[in-house]
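Worksheet: the structure to be examined is printed underneath.
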Amino acid sequence: MGDRLEEFRKFRERMNARILESDNLEIKRFFALDTRAYDAGALPVKTKELLGLVASLVLRCDDCVTYHLARCQEEGVTRPEFLEALHIGLVVGGSITIPHLRRAVATLDELDGL
Amino acid sequence: MGDRLEEFRKFRERMNARILESDNLEIKRFFALDTRAYDAGALPVKTKELLGLVASLVLRCDDCVTYHLARCQEEGVTRPEFLEALHIGLVVGGSITIPHLRRAVATLDELDGL
Amino acid sequence: MGDRLEEFRKFRERMNARILESDNLEIKRFFALDTRAYDAGALPVKTKELLGLVASLVLRCDDCVTYHLARCQEEGVTRPEFLEALHIGLVVGGSITIPHLRRAVATLDELDGL
Amino acid sequence: MGDRLEEFRKFRERMNARILESDNLEIKRFFALDTRAYDAGALPVKTKELLGLVASLVLRCDDCVTYHLARCQEEGVTRPEFLEALHIGLVVGGSITIPHLRRAVATLDELDGL
Amino acid sequence: MGDRLEEFRKFRERMNARILESDNLEIKRFFALDTRAYDAGALPVKTKELLGLVASLVLRCDDCVTYHLARCQEEGVTRPEFLEALHIGLVVGGSITIPHLRRAVATLDELDGL
Amino acid sequence: MGDRLEEFRKFRERMNARILESDNLEIKRFFALDTRAYDAGALPVKTKELLGLVASLVLRCDDCVTYHLARCQEEGVTRPEFLEALHIGLVVGGSITIPHLRRAVATLDELDGL
């Protein structure tokens, strides 16, 4: 796993812990709600993670895209599936998403050890 | 089918025709590209329409949500599946999406003849 | 209270009830979390409702602006305070928020029975 | 001129007057700044109005699009020029702008008395 | 004060000076308008800075969040108050704001010398 | 040319090549459509690049702003013209665009070898 991904994960874990150790119960509840949204239900986890990925791309959040790319990969999403999902984000969100698409493909390559 | 949905479809068809009869070839190409993005491929049509739905909700476009709700229904998406997909949009996009969620559920009811 | 406001409230209440009677527990939890976010805590309710108002204006959600204007008024926010808060939203969010500012002032006039 | 356009202009003028008669000097200054941004300078008015139009389309503000379409028309923008400018907005902003593009073309037709 | 904050402040000051030394009078007027929006008026400075903070979070601008966190701290905003304000931004703006919330808490820790 | 600009260009070229060597034909078509949107037509290239620049600023995409600044400069856009175009983006998009305006002016200085 690449250095950039490792750094992202460490910062993410450290700050999540920092946020969750605070006394604000409502923020903790939001984090729990966020996690459960991707649990298996009527829709399978793989579909839900793809929904999270495309929502993150059209809203242009690199960290969120990185997170869902990794989760999708764990759920067995293939490169052609990734490209079709990212293409939907590109068409819906427009060329303004292209810099995020470039970084998404770079992240996929990093996840694949390319 | 409700009046609001019927009115939406008529305006949509009329203006699409009006746009496509213009001399701007590139806009026509964009419309064709947009249509093909939801064709069956590595991912099934149902998943792609759900991706379009959630992307539309987090970007808060009522017309786009209405369109994809109708297409998802044609692809057999059930009410529990709809609610899980819309919930992901709600969690990703926040309470600012709630007015669109209300209109989405009203549209679903209209599509179901409720 | 004006007809437009009354219509907004009825649709809001009807669709909230419709959403909360569904079997999706997580959406209900989001709605409860959303409500509690404006409860008194370290910050007073009035400040929290103003935060909700300005966040709604810069994200350009008319329904959300309408809701928080009514709540702010219940908390005693005065016209000069409203204008200063809306001005911050205008400066942060730019001229693209002006149509929403126009509708916000029309709503305030309606709430004041002007 | 169509009824919809006339209604838009009346509401716009009435609420602008209502906002400018308030005691908030800073909001008045913002409105003046906004107006001056499109005055002739190093760039001609026509180019500036096209910039306002495309910015309004990618930010998906129908009222702002309507306003700049009317102003562009007064500055002599032709239908092929309009379509090229709107196409740039479509490509940059994605398919999520299509409902606004439909309404923009309907407004152009109304402005042209079609 | 941490290195990251110091670097942010230096770049901010250097580029503000660079922008204000240009011949564009209107940009200077916007900067002055922006500054005055947070001056004491009907609403106290502390409330106005919190409004700027939450508007910045829901619009997901890290530099703007950093600036308002520092200003809020100067106005005496406490950690529980910060968390409640940030939580409102989180609920309104959704999980897409979480990466910015992480960086906001990291900045608060840096401001507190933690 | 500055190091930052050189690094941006290399990453951009490398990832564009990586994306275009994939088997996803539709993404390639989007990239071609995006390129052609700025070709000379009814509107001159210079105007189109300015439209791309302001659209990028109000959508707050630094990479897109950097790209269009460089293209505009190649088309002969002068500093006063740049400042007027960026000012329109600032007024339309609000103070939330200021961090991007700072980086845009830094990029212009780098492009000018200042």
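Should a chain be cited, it is by its letter among A, B, C, D, E and F, assigned in written order, with residues numbered from 1 in that chain.
Convention: contacts are C-beta pairs under 8 Å (C-beta built on N, C-alpha and C of every residue); 3 or more make two chains touch, one makes a residue touch a chain.
It should be emphasised that the depicted structure is a prediction, and the values quoted were computed from it without experimental measurement.
Visitor: Using the contact definition given at the top, which chains are in touch with both subunit A and subunit D?
Guide: B, C, E, F
Visitor: Looking at where subunit A touches subunit B, is over half of the residue numbers used by both copies, so same, or under half, so different?
Guide: Mostly the same residues form this interface, as more than half of the numbers used are common to both chains.
Visitor: Which chain lies the greatest distance away from subunit D when centres are computed from Cα atoms alone?
Guide: Farthest chain from subunit D, going by C-alpha centroids: A.
Visitor: Would you kindly tell me how far, in whole Å, the mean C-alpha position of subunit F lies from that of subunit B?
Guide: About 30 Å, centre to centre.
Visitor: Taking each chain's centre as the mean of its CA atoms, how far is subunit B from subunit E in angstrom?
Guide: Going by mean C-alpha positions, subunit B sits 36 Å from subunit E.
Visitor: Subunit B to subunit C: how many Å between their CA centres?
Guide: The mean C-alpha positions of subunit B and subunit C differ by 26 Å.
Visitor: Can you tell me which residues of subunit B touch two or more of the remaining chains?
Guide: 26, 30, 33-34, 37, 55-56, 58-59, 64, 80, 83-84, 87, 90-93, 95-96
Visitor: Line, ring, star, complete or other: which one describes how these chains touch?
Guide: Here the contact pattern is complete, since every chain touches every other one.
Visitor: Spell out the part of subunit A that touches subunit C in their complex, as residue ranges.
Guide: 26, 29-30, 33, 36-37
Visitor: For subunit D, which residues are in contact with subunit A within the complex?
Guide: 58, 90-97
Visitor: Report the residues of subunit D in contact with subunit F in the complex, numbered from low to high.
Guide: Going through subunit D, the ones touching subunit F are 33-34, 37-38, 41-43, 47-48, 50-52, 54-56, 58-59, 64, 78, 80-81, 83-85, 87-89, 91-93.
Visitor: Can you list the residues on subunit F that touch subunit E in the complex?
Guide: 60, 79-80, 83-84, 86-87, 90-91, 95-96, 98-99, 101-103, 105-106, 109
Visitor: Name, in rising order, each residue of subunit D that touches subunit C in their complex.
Guide: Interface residues on subunit D, with respect to subunit C: 11-12, 15-16, 18-19, 22-24, 26-27, 30-31, 34, 55-56, 59, 61, 63-64.
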